[in-house]
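You will see subunit A twice below: alongside subunit B first, and alongside subunit C after that.
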Partner chain A sequence: MRICFYPGCSYASTAGYKESTEAVCQKLGIELVVIPDWNCCGATVMFGENKLRATALAARHFALTQAMGFEEIVTGCNACYATLGKAARLLNEDAELFIKTKDVLQALGLTLDRIPKIRHLFEILTKAMPDAPSERYRSLSVGAYYGCQLTRPHQFLDKGGYPEILETFLERIGFAVTDHSARTQCCGASHAVIYKDECRNLSARIIREISDKGAQIITTICPLCQFNLDQAQTGDLTPRIPVTYFTQLAGLALGLSATSLGMNKLLVSAEKVISRP
Partner chain B sequence: MNKASKPNPFTSISDIATINACIQCGTCSGSCPLSDQMDHAPRELFALIREGEYDMALKSNTPWFCVSCYACMVRCPKEIPVTDLMYAFKEIITRKRTAPKNQKMPDMYRAFSRIIKAKGRITESYVMALYGVKHPLDALKNIPLAVKMILRKRLEPKALSVSDPESFARLFELTEKSEDKA
Partner chain C sequence: MSDQTKPRIGVYVCHCGMNIAPKVNVEDVAAHAGTLAHVVVARDYKFMCSNPGQDMIINDIKSLGLNRVVVASCSPRMHEKTFRNAVKSAGLNPYYFQMANVREQVSWVTHDSMDATEKAKALTAAAVSRVFFHQPLSTREVPVIKSMLVVGGGIAGMQSALTCANAGYQVYLVEREPSIGGHMAKFDKTFPTLDCAACIMTPKMVDVLQHPNITLHTYSEVEKVEGFIGNFQVTVKKKPRYVDMEKCTGCGTCMEKCPSKKISSEFNEGLSFRTAIFTPFPQAVPNVPVIDAVNCIVLGKNKKCGACAKFCETKAIDFEQKPEFLTLDVGAIIAATGFQAVNPTHLEPYGYGRFPEVYTSLEFERLNNATGPTSGKMVMKNGQIPERVAIVHCVGSRDVRHKKYCSRVCCMYSMKFAHLLREKTGAEVWEFYIDVRSPGKLYEEFYNRVQEEGVRFVRGRVAEITDMTDDPNDKGRLTVVAESTLTRRTVRLPVDMVILSVGLEPAPGAEDLGRLLGVSRDGDGWFTELHAKLAPVSTPMNGIFLAGCCQGPKDIPDTVAQAMGAAGEAIALLSRGMVTTQAEISHIDPDLCIGCKSCIGACAYSAIGFDEARRVAVVNEALCKGCGSCAATCPSSSASVDHFTDRQIMGELERLV
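And now, the complex of A and B:
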């Protein structure tokens, strides 16, 4: 299977999201065709600056995808997923905005006639992963953390308030899951970078809740969620619990090594937990 | 000029009429992870605008503390697109330059936007350096973390970039004078 892949700006500098995505996709026979010359989606910034600009930034990829002959864009970042999805929705609903966006792209030498479907890497891997390729991690309790933007606001993938797709996925591929109430609580996102004190408790309460309920490891679906939960574990504020990507757990289940999945890049090491599940 | 006759600065927002349906239940403010930092959390901000307190609304820090988690928007019983409205408020506040002077997020957004315009892609350390010119303390606080990231080979030494940043920047110029609906 070949998929049109939008990596987004954080992808390469994450704690192994790139390594694990590539390793797992290779193992499953999925070819990631990266959109050549992709740009930043505008994240949570651009819609607050200029709506047409925000839409054009996202839609530049729609034109590039069209030129590649694909009907769908797949991304692994929840913020990119929400931003590209929002632009796609606006362009489908607002004919005037579509024409203005098309004109901007035309001036850049790009053609936009149709809006691709925006999909999350999680959807692709959910379909592609075999049932429990290994029983090795059957007793490893995982706290699933969805973050905000995967199931909100469009809720295409699952219920916004109490999603279960990640737990279903983890159990199916051979992990134990821990039920908890922090699955869609906000980690502070980009505010956590400059409002450290104000946002400290947001990550801390998520980590404490998941750890208190007995999970040994947390798994996330978004670069920024992983980063915030991982880096918040300093001092005495929280217990220390490794925060991984779902692709890393999928890779472990497929028998790939922790190093090949970039798990040496985590701030809180997962080594002990995964060697003695 | 009395309050009631002041022009409403938010009329260009396409969904602005939806706030007339607000029942002031406070589900938005109660769902917001950062409402404790806001001077007028969403419920109150909508009330201010309906009452014609436009100056207070334009100077409110509320949109700048919106993290875009969309919790308010999916929970609103009247289906008001609260998060989308916060984006539109930011656009208008930015155009009118009424953001509170001590607010850090507008500077962060400006740094972010400037890096996209210059390179097409975001390199976190470059955004932080640009933002740090105005807020050196915030930048310094991130140094211990930056060291850990370097040790794990996670800091990009070179800025990410599209292949032709100069022609890419035209996207910004072409949308510069956009007076579109927010």
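And now, the complex of A and C:
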């Protein structure tokens, strides 16, 4: 299976999202075809600035995808997923915007005739992962953290406020899950750079909640969420609990080594938790 | 032109005060009409519908020998009847009249004055051309059946039934639940006067039961409605109670003996249990239990039990009961099917269903009620009295994602809860609101009163209710998260209990009943009244009236007033005793009919039958509404509607295209 992959800005530089995604995909026979010369999706910032520019920034990938002969774009980042999704929706709904965007792209030598479907990497792995490849982690309690943008504002994957798809996935591939109330609380996202203290409080609240409810490990589905939750634990606001990517847990379930999944890069080490679950 | 040799047409152009005249040059329109063939006189006047306006027409008919009249004014829905009556009083057949709508269709919707005048001229000319082909039509008077049906036994239906019964008419009251009483029977106190709902409600329920003119059919549903104004035939299905109403004394032994005791009580909003044989609440009317066939051991599980039958001294239990079908002949129908509260489960951020201390307003009504699950004690599930309670307004209401309309009652009942909580528990109460809406009599005073009682008000829609706490001392409590839009701060308030003031939506089954009655529903599912201001209890279906929340959210005072209004309309119809049948009905020419039956399938009113002997379709004039579906469907042009003949419509169109 070949998929057209849009990595997004944070993918390669995070604590093992790239390593684990590539390792798991390789194991499952999924070939990631990265969009050549991809650019930033614009995230939440651009739509506040200028609708046409924001749409064109995202739509450049739609044209590139079309040139590659794909019908879908897959991304592993919630912000990219929401932003590309928003651009796709606007282009489908607004014929005038579509024409203007086409003109912008034409100036770059690109052709846009059809809007691809936007998919999250999670959807691909949900379909591809076998049921409980290992029973080793059956008693490891995982707190699943969705972040704000996976199910909001679009509720394509699950209901907005209290989603359950990650829990279902984790139980199916051989983990225990912890019910908690921080699933879609905001971690502060990119504001963590400017409003460090405020955002650390937001992240700390999430960590405390998941830890209080009895989870031994947290798993996230977005590059920035992992980073924020992991680095918030460097002070004394929170207990220490490892924060992983869902791809890393999928890799562990498939029997891959923690190092090959980039887990040595986590700020709070997961070594103890996963060695004696 | 059957009875008159030559058409003599009078045209009258109305200024409608400032509604038509400033936009349309009415003098010009009248002058233009005066040049048309057969037009004898064309005038304009400030208000054609006024007495002098009507007299002008009447005098012209008499003095100038007019035999056709055209009025260019508002919509026929507004004043066609008025002008037909004027024409009639001058001795002319009222159908020798045609109206051109130059207000709604011209002056109100056209920017340019010249364009408006040209369009008004064209529409008036078309009406002149049409009226040329008009023919005299006659109506018949048919007697009205002097009884009526009320659907729904809540406070609206009960009030309508009592008013009509007191006027001396036979009333059938059909309620699908085992008891009458509706939502109001679940309440403890009512705003703003705080009188006890049971105290003002139960006597009415007993009145309904005992009234010699009211026949009560509980646990029954309307299955079919046929006929027309004054002459409806209604089929009612009486669901099997499995208890003989004649024999049962209401002693309650069966309920004590029933071993299936763990069934969620609908009346207590799932906060307590009931047995499989049950009355919904102690004051139920009639006080005869029903057996819930799904949960009964004998009926549902097909196993041996029969404890109720064994202990019933009057042998009232009858497991063999079957549904019964009744046919009721009535002259009028009042729909009073009420509402249901919005189920907030799908509003996940509010945690209803996940957090035990998040209640809906109806649940809290039961918690507050002496006959409720806690005997009226406002306690949490752990039995303790809450120290701090949050009340969240507009849950599911005033939200484009859910119900965009205001529920009209949630502000007031929320403040009633706040008052009762302060009074009974002394708890701190916080109201989270968008706007406080208290426009009724003594409502604003009540709002001021609860503020004086120390209830806190935060202006801001609640974002989230969570069990996440910032302070370890608050572990086990809930936190309400909202933006206080007055202080521009985020509020994170730890509380012990949350009440969701949920919105209102039409009762389940309203869609089916609407279809049976031929009453349309608006975009939100409420039944549509004939006119928002001037005919709020009537429907476009003659003889069918609306009462209470089935027409839109309203509180008890408004519901009772509307119920009496609907009863008044029904009484007016019944006491008039006769109804005039419609003149504009369909005819099928038996010489042209090819017997294809297309029209029978097209008729929404089942008004067309088939004469097997002659192999032709035949219209039942009493049932025909003159909609014209048959005429449009008929491949042999044998069906036509009086007053909408091809010749008349073509005459009108020729002037327009």
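One rule holds for everything that comes next: the second predicted complex is superposed on the first by the 277 of 277 C-alpha atoms of A that agree within 3 Å, B and C clash if a C-alpha of one lies under 4 Å from a C-alpha of the other, contacts with A are read in each partner's own complex, and residues count from 1 in each chain.
As a working rule, a residue touches a chain if its C-beta (ideal position, glycine included) is under 8 Å from a C-beta of that chain, and two chains touch if they have at least 3 such contacts.
Not measured: the values here are computed from a predicted model.
After superposition onto subunit A, the modelled positions of subunit B and subunit C overlap sterically.
In the superposed pair of complexes, A:T111 makes contact with neither subunit B nor subunit C. In the overlay built on the shared chain, the residue A:S134 is in contact with neither subunit B nor subunit C.
In the superposition on chain A, A:A15 makes contact with subunit B only, while subunit C stays out of contact range.
Number of subunit A residues touched is higher for B, counting subunit B against subunit C. In the superposition on chain A, contact is made by A:Q149 with subunit B only, not with subunit C. Of the two partner chains placed by superposition, only subunit B is touched by A:K51; subunit C is not.
In the superposed pair of complexes, A:E209 makes contact with subunit C only, with no contact to subunit B. After overlaying the two complexes on the shared chain, residue contacts for A:A182 are found with subunit C alone; subunit B is out of touch. When the two structures are aligned on the shared chain, A:Y162 is found in touch with subunit C, with no touch to subunit B. Residues 160-161, 185 of subunit A touch subunit B in one complex and subunit C in the other. By the touch rule above, subunit A contacts subunit B in their complex via residues 9-10, 12-15, 37-40, 42-53, 56-57, 60, 79, 82, 97, 100, 104, 107-108, 148-149, 152-153, 155, 160-161, 184-186, 188-191, 193-196, 198-199, 202, 231, 264-267.
By the touch criterion stated above, subunit A contacts subunit C in their complex at residues 159-162, 181-182, 185, 205, 209. Subunit C meets subunit A in the complex at residues 346-349, 351, 354, 464, 466-468, 470.
The part of subunit B that touches subunit A in the complex is made up of residues 33-34, 37, 63, 65, 67-71, 73-75, 81, 83-84, 86-88, 90-91, 94, 104-105, 108-109, 112-113, 116, 120-124, 128, 131, 135, 138, 141-142, 145, 148-149, 152-156, 160, 162-164, 167-168, 170-172, 174-175, 178, 180-182.
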